[in-house]
């Protein structure tokens, strides 16, 4: 249920509604908008009586929500959410590019890449310290050492850090070093991790699962918001299909679809989405053209030596060319990059 | 096998190689390029002796082709193929837009749409006279009457006509009225139809099947070229996956992939690719940005009355807006529209 | 629309209803059942007035059909359809096994296989004279020569013949030699071919398309019935998914689903469904256990020399073992084989 | 790498090899077989010198393993693994059936179901205390209270308990009450959970992810074995495809495929695999016929009141009928149930 407040409602009015909701044993989620505040009500198993709220002062409307997601929906909040990642806005007019290696392998590699992507125009740095690997015998990341290297990269380049959080045990450790916690495709329905990260209150980058519907993606985001973390960025990274010419099939139609029904920003990861270096540039252009709110690009100074996902990493000069093309395109669709 | 001729080879040299191929009971397919001619050899079940050709005058190189497709491959022809559809080049610098209703329903509807799309900047007209329908009880198209209406549309608007050919019986009839024969997704592996259309020698628009790999798409094109019809345009129109927020999942990564391994132009059909009016505009932008050689767009003046696929047809003024945006984007990727 | 007649309705009553339907410009399809006759009405674009029929003598009920398929549905006919293929019933208590090579390669190969499968207990013989091949350069079948060999196989072994019909041009030729016309997965939505075969009135084996839903399969069958051919056998042969350990993913849940909503028999083809010899036996057992009305099995005396699909063909003694296991299983599920 | 010992090797020989492996900084995993012991070597990033082991006493052969999985492969262990779940063998001649409700809702519901399924012949009890739910607003299970109820069910019925473990935090708590820890499809690649459960050393039931390949499933199992937990049961529960007549597409070909390349037992869950009550019985029969090592069946005394997955739960008398049919079938394939 959504309780929409009058444009003229006072903060006292909002507080009163919140208290009334809580007195019924339910949770209230005030979502302030530009014009007016909506209050999401969760925790009810069946229908809640609208009558309990309709006549409270300042209440404009009580909307029973039919969609299974509530807090992430446009019904709950008309305006786009803009998430600030270490000061860089995601979801606004500008299209930030998150760039860096798949995995942090050494301080040298991390810093070299960091300088290169900052120079080319990236606004955020990505790099994995904890890596989810299909095989137990593959390189699993440097762990805490990798996190410390990430902190140095931020210090030296000024780029805020996006890095993956793999489990509840290491979530707080990662949060100490990261500006944005990435939840990977394989963990999109790791509900315990979602709840944990929802309580940490750092911005979250939530990737679509390999065979997740958009409804499932939004419901996983709803887990985060329901815990009180509203700084959620979604990410399309390709889905698994029969098609074998790319590693995954990048589903760009997800972008306008999500943007119509949700207020959350959504990025595109063409590196994982295609798994092939030569496809990253054209699909980055397509992502910007379709309206994506950001890009995630894997860059590695020596991809042939990469411990993880080398074949999809761009060389620094390919990344510069990508940034150049993206900037031109962004202007045409009314944005900047 | 591919026999690549010297840049200095004479037409007499080419003829001699062709005769030698034919004397071995095989087919020769001379493919003239800007610099030099290649001759595809087909019809062999096993390996062919390269020795039979290597020493003929004018032969530069004999390449055993490992890919299952030969004539459609970049190995056979380095330069992009540009197909002329009634004088409109497809595959060149300019990105033609093919627009019109899913099905021809009446002369009034067809002409009204034709005038509207021409005015907005479409270069080709599309409309179905013979419609492949999942149910035997759905509207199957006006048939020959529809073809005659299409001829009138060309006469009145000057736009060349693209229309679907459903079977071998009506292929020649359709060819009398059409400038380009469309082979639909359901018929991509209707090999008898491919052979028939390969012999008709009108340009062909070949759509990717609902669950076809790129290799299968190229092999279906190979059927056309092997019959001697080199004027083939490919088309990505979405594939079938688990994702349920669109009718099909538009696989834009297919565009750069095809362009790397084949010389044939490839278009995108975002109307069928998404099945939803609101997705057509953003995905058309994405298609141009990714490098598509053309767009197929369904336009209907009264979509709510359409006998087929109304929900995905654009209104004429939405189409004008699409053309405006496409033109701006095309410039940024070094093309025009 | 379905018009259900009284159990006591006379054939005169049925005739009167048929005439009334036809006078309205529609088609009537009388479907005799054990207890009573239903008359399917097709050809209407919108709703038909039930009133025109309700008061005719012998009419028990007029049912507006909501499902897009009518004649193939259980609503139209309660009892299972039993199709006689050259005297062998398909859809009854006994589970017929159709066996033979993928392609007819020579008289020797065809007859050798025919004798072996008859001896092992097959009731029908399969073998392709016209082969749909992904590549134009693959063996396309012996054509008419293959059909003549098939006639000899029937003569010598007594087994009725199931063989594929590829196009409308050769449909009648194939029908002269075959007892059952197979429509392959790639042609499931070749609507011109469906209509043609619907008019030929030989039993048809209709295979599910590579990515066809069950509704689409039933609607393709509806094309056949709507032309007056009621002798239709459906066939599950695997669908295309991301899974790469088999050539296709055999969807055995389709069997009980189809049997609940349609009266048509449905077979399983585990040879194409898996593409691997070692999977054919266990999945044949599973097919019988799930309730399939028959099996299609590829058998080749020398699979390593097969011109098509060798890796999935069983050797004759593996086929004997399959028949032995199938017979045991059939008994447990109340059938025989 | 696999080090295969002589049939005549002594336990002293085995110990010596293990020590040699460990002295190189690697892990040794002795896998005793009926005839002889194999020792899996893991922890190496590149190739390990075979020479270091070949000449040790008792070593028959050193096999560099090419498959990405080692410990789960048939190369590592020829004989089938038989896992004992609270005394019930899984992977042997007998086919155990695990039955119970999707979620534990109350002591009454849990016990009523437990008595019913034991009486019908189930050997193990299943029921969720911690439930992974797509929506944060759905019933999430009774948690620890549910676990205590499960302990009572075991006490009263004598049936060992299979229940899902959702995260690392509650893994040990669940292990106190359960005889077998189920890892659900959504957690198949939750590598932290796999490692944790690998260290707990209770039998594990590992379900195939919604779009996991068999290689990925086996690599997830490898995580468990690499931690020292060899009591792993795999489970096919349907994969996500375009097909919409069932909730998932049950991929029964996975069973013989897994059994050929791995020594681990594999069960089938037709309840989740189809999502529809009416399909559970025929697909259970198919699972037994294809060679499954066990079945997971959801049973609920009042499915219409179930808090989770009601539409796929069997009523107790339907389950009795299932057991009856399964027992008959098992005999035919050389097993018992």
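Going in written order, the chains are labelled A, B, C and D, and every chain counts its residues from 1.
Rule of thumb we're sticking to: a residue touches a chain if its C-beta (ideal position, glycine included) is under 8 Å from a C-beta of that chain, and two chains touch if they have at least 3 such contacts.
Computed from a predicted model, the values in this text were never measured in an experiment.
Under the contact definition stated at the top, the chains bordering both subunit B and subunit D are A, C. Our note on geometry: subunit A versus subunit D, Cα centroid distance of 34 Å, whole angstroms.
Here the CA centre of subunit C is 38 Å from the CA centre of subunit D. Centres computed as Cα averages put subunit A at a distance of 50 Å from subunit C. Multi-chain contact residues, meaning those touching two or more other chains, occur in subunit D at positions 211, 240-242. Taken as a contact graph, with one node per protein chain and an edge wherever two chains touch, the assembly is complete, since every chain touches every other chain.
Across the interface of their complex, subunit D is touched by residues 42-45, 68-70, 132-137, 139, 166-169, 186-187, 189-193, 209-211, 216, 219-220, 222-223, 226, 240 of subunit A. Against subunit C, the residues of subunit A that register as touching in their complex are 211, 240-242.
Contact residues on subunit C toward subunit D in their complex (touch as defined above): 211, 213-215, 239, 241-246, 249-257, 260, 273-274, 278-279, 282-283, 285-291, 325, 328-329, 331-333.
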